[in-house]
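Okay, so subunit A shows up in both of these, paired with subunit B first and subunit C after.
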Partner chain A sequence: MKILASLARGSLIGYTALFFAFIYIPLVLIAVYSFNSNPINMMTWTGFTTDWYAQVLGFKTAISESALYIESTDQLVQAVWNSLMIATSTTTIATVLGTAIAIALYRFDFFGRRFYRVVMFMPMLMPDIVLGIALLIFFVNAGVNLGLTTIIIGQCTFLISYVFIVVSARLAGMDRTLEHASADLGANEWTTFRRVVFPQLLPGIVGGALLAFIISMDDLVITYFIAGVDVTTLPMFIFAMLRRGIKPEINAIAVMMLTFSFVIASLGLYLRSRQK
Partner chain B sequence: MRDSIVRLEKAAKAFATPEGHTVTALDAIDLDVSRNEFLTLLGPSGCGKTTLLQAISGFVELDAGRILIDGEDITDRPPYRRPVNTVFQNYALFPHMTVGENTAYALEVAGVAKAERTKRVADALRMVGLQGMEGRKPRQLSGGQQQRVALARAIIARPKLLLLDEPLSALDKNLRQAMQIELKTLQHELGISFIFVTHDQQEALTMSDRVAVLSGGRIQQLDTPRAIYDQPKNSFVATFVGASNLFEGEAIGGQLLTADGLSITHAKVQTTGTATALIRPEQFFIAQPDDAAPSLDVDLEQIVFVGSTFELFGRTAAGRRVIAEIPATRRNLVGEIEQSRRARLAYDPAAVHLIPAEAA
Partner chain C sequence: MSSIALRRRAQLGLLLGPVSLFLAVFFLGPLAIMIVTSFLAPGLYGGVEWTWYPHNYGRILGFADPMFEDFDPVYIAIFLRSLKIAALTVIATLIVCYPAAFCISRLSERWKNFCLFLITLPFFTSLIVRLFIWVLILRQTGLVNSVLLNTGVIARPLELIYTDGAIILGMVYIFIPFMFMPVYASVEKLDWTLVRASLDLGAGPIRTFLRIILPLTAPGIAGGAVIVFIPALGNFVVPAILGGAKVMMLGNLIEQQFLAARNWPFGSALAMMVMAVMLVLLFVYVIVSGRRGIDAATGR
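The block that comes next holds the complex of A and B.
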């Protein structure tokens, strides 16, 4: 029995190690090879360099022009800038609307409330490509010029759902008697919301906002359909690069995006632990 | 008439159940609570006591009737405009605020200046024995301490009336008993009326000036703890408050004859007709051979030692259950009957309470 138990324990540890290896080794490899100086075959290590980062960031490097395939750092910077602007706008809109809907559905009982809730979940379950095509057809038929505005509107349609779900979960865990206690102690509804409901909801709102921000920064499929010809976001830019072959600069960009996402996620976790 | 702080006039409330039935939570209740009175609402769950409390605090809207506080009709006022504060069953402390902020909440909302707030918070916390704890968060406190913060928070604005919704039910027994005494002391110091809701009859008897026993949305009896215990108006009150032996039968000239052939002697000689006799278990004593007191012969089924007393569970010849409580100081007598498994339980006819039939 003792052997069996230790065997089970050993295989559990082994499984866990394999599981994490499966998830993280590709990411670790990207990070490592982003410092590989071999310009032809990324997977063959020839030496350490930070040239790819320098190249991506627009500094002059020792790499010969023929080995490069970022024609213009300006384009990349413009794509990053577009993505950040879109993510900031959509996050703001989705957070305000998603939170408001979550509170309304939690607080008020009205006809069709449960149907409303299902409708709010729908955009998350819908295939991205269908949503993308639907939005494209809608915008074209409505005569809206494709561009930044359509991307922001289009992304909001599903980002609101994410914020709604995160904030709803927080609301569901809230103690209703706290609102009673506040009213009992003389606070009207607005004061109760400001002093009791909102502070408790804040970690959920922040969490929902960070999630919306990362998803917006990351979205390719839906944005691709509704971006038009003039606006390029970072994921679209990377995708376009990939179509011309996998080159070392991709690794550098990927590592920078990864770091950015990691910082945002850590910030979310930190805020959450501090609020608790 | 005594000076009334709260008056309920024909307060009525019914709820619809999910199955489509209607449950009467408050059945046209009239109630007067005097200034500086400690009133307890006692009853089993679902008797309407919490509904009654919430009607006063404003969280339940009445179907009919009025509520007056200090002569003012507040029936249609929202909870935040009533001069009433509540200590909630689960304390309902704001988890994101410190003890100090929690306690100051009512003053802050009312726009009291910071300096005065700080001083009054310190005073309130001192009253409940938590001086210097302003900076802690509720989750860093024990259950008993949280209870005290809830109390300090509810009394800081000097409400005209404090409502307490089973506030001690989550505490362990020793702490609960200590808090019972403290609450009573605090109420005297503050000079405000308390309405206390509980389903624990011991708690009700210990603390209250008056007890209202509720059942089925009605006040079955409103009286001092002693009167509730000694002279219950009906058999519900008799059985809900304390242990009891009830004998229903026909009263004729100082005797009550039951259908199973017992005869209970009582002091209400002039009472005739159908009635129920109540003998509390502690009224019984073990009869000596030369005792002239009336008695019941029982076969003992069980003798339980509970520390200060022995509880005797017996049956009469006709099979009726009888409970008696014998002080532990009489343990030599208990030793004797333990051998024979039979006992003659005597009682004083003056200690027998008669409940007339219409009330039972």
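The block that comes next holds the complex of A and C.
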């Protein structure tokens, strides 16, 4: 029986190791093969090169003209620039609104609170394609030109929910005795909020903002429907590249994106999980 | 009303007002317009005609507009196929996540948090990049095929990509965190004394699993199933990348109606089918798990 139990335990640990391998080996593979010099078959190793990275970043490389696939680095730079601009705007709006509603739902008792909580989860549950086309129909009917503004508004509808959830978790875990102490010591409501509540809340707000930023940078589906013809974001650019055929430069772009997301998301998750 | 109560009111209004307005106009508004559009007639040149027209749904469900077309069961077939792929995705994701949840729940606090971090992290990296990697692995000249060819296991490349299996694999890969978190939450809460009691009282491991462990972790499984099934059903990126042109799912069909065929009412009706499935699932979930389930799911 003992042997059986330890056997079960061992296989469970083995299974979990496989589980993590399944998640991370593909990510490691792409990082390795992004340095592969083979221009045609990216999964057959022919030698080490950093040319694909250089190519993407717009440097002159030894790769022959016929093996080049990015029409212009300018397009890519423009897409990255658009994504950053959108993400900055959406993060600002979503953080303010998401924090406001989290405070309202956790610090006030009012009729319809449960309703609000359910509504706040709806944009996250809604399949993104449904939200995307609903926004498309809405903007076209309202006579709004599709472009950066519509993307920013559209992304905010679901990013507010993400910020809301992160900030709520922070609020739920907060110690209220400090606030009572502050009030007892004669601080007024605003001072208490500014000096006691807000500093405790800040990691949650920053964490939520970072996660919103990264989700905005990565959003494809909703943006795809409401971007119009003139604006391309980074995920849209890659999606279009993929549909035309797979080229080694995509590897390099992908690895740079993964690295960027890992850094920002790690920071965001760290701030979210930090207690007190 | 006292002045303090009035002030609280004003504060609440200030906090809730802007969000309520924003979501009412840009979330509920668009949904309402989409619902209306799904009952309007498609215009000849891609526009919408403001007449009552239930045949958008008819084209899917069997009462197509008798003036223009015969009923074609292709749409219901795509709908059923999407349901099937989404269901298989749920099952596969559960099989991947469930045992791992048990293992991780038994680790020390430090390792637990680290593992949860590792599982959540990919969710915040580019979806398209994560799917692209599987193209490299699965395609004809991809990693799996070249390894198998070079080692002489196979003589001709296997058809791995552009199949239902590739789509399900891609979906499992991107939906792991969605399933893992709710399942883990209920596994971690599992009372192991009940499991020990069951074993002490002579129930075998299988019986203990079926009668004790499975029922106690069922809420997590149900929650995970719902939040994987819904985005899987309407997904269009995974089939677009890993399904090629061969495998059509509801998501691709909707995209086509909006960006290629320009039949918005029909596209809206298809989106409404996705919404309908979602509402039914949520309704069942709420009925089964009750108010406490909602509170647990929405935090607090």
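FYI, the second predicted complex is superposed on the first by the 262 of 276 C-alpha atoms of A that agree within 3 Å, B and C clash if a C-alpha of one lies under 4 Å from a C-alpha of the other, contacts with A are read in each partner's own complex, and residues count from 1 in each chain.
The rule we apply is simple: a contact is a pair of C-beta atoms (placed from the backbone, for glycine too) under 8 Å apart; a residue touches a chain by one contact, two chains touch by 3 or more.
In this text, all values refer to a predicted model and were calculated from it rather than measured experimentally.
Partners subunit B and subunit C, once the complexes are superposed on subunit A, both fit on it without clashing. For subunit A, the partner with contacts to more residues, out of subunit B and subunit C, is C.
Touch criterion met: A:F121 reaches subunit C, while subunit B stays clear of it. In the superposed pair of complexes, A:L178 makes contact with subunit B only, with no contact to subunit C.
Legend: residue contacts after superposition of the two complexes on their common chain; A:A104 is shown touching subunit C, with no touch to subunit B. Residue contacts after overlaying the shared chain place A:L57 against neither subunit B nor subunit C. When the two complexes are overlaid on their common chain A, residue A:V144 makes contact with neither subunit B nor subunit C.
Of the two partner chains, subunit B is the only one touched by A:A187; subunit C is not. Rounded to the nearest 10, the superposed model shows the Cα centres of subunit B and subunit C diverging by 90 degrees about the centre of subunit A. Superposing the two structures on chain A brings subunit B to within 9 Å of subunit C, judged by their nearest Cα atoms. Listed in rising order, the residues of subunit A touching subunit B in the complex are 175, 177-178, 180-188, 191, 195-196, 199-200, 275.
Put simply, subunit C touches subunit A in their complex at residues 8, 11-12, 14-16, 18-19, 22-23, 26-27, 29-31, 33-34, 37, 96-97, 99-100, 102-104, 113, 115, 117-122, 124-130, 132-137, 139, 141-143, 146, 173, 176, 227, 230-231, 233-237, 240-241, 251, 254-255, 258-259, 264, 267-268, 271, 274-275, 278, 282, 294, 297-300. Interface of subunit B with subunit A (complex): residues 57-59, 78-81, 84-86, 88, 90, 92-96, 105-106, 109-110, 153-154, 157. Touching subunit C in their complex are the following residues of subunit A: 12-13, 15-16, 19-20, 22-24, 26-27, 29-30, 33, 41-44, 97-98, 100-101, 103-104, 108, 110, 114, 116-123, 125-131, 133-138, 141, 153-154, 156-157, 160, 165, 168-169, 172, 211, 214-215, 217-218, 220-221, 225, 235, 238-239, 242-243, 246, 250-251, 254, 257-258, 261-262, 264-266, 268-269, 273.
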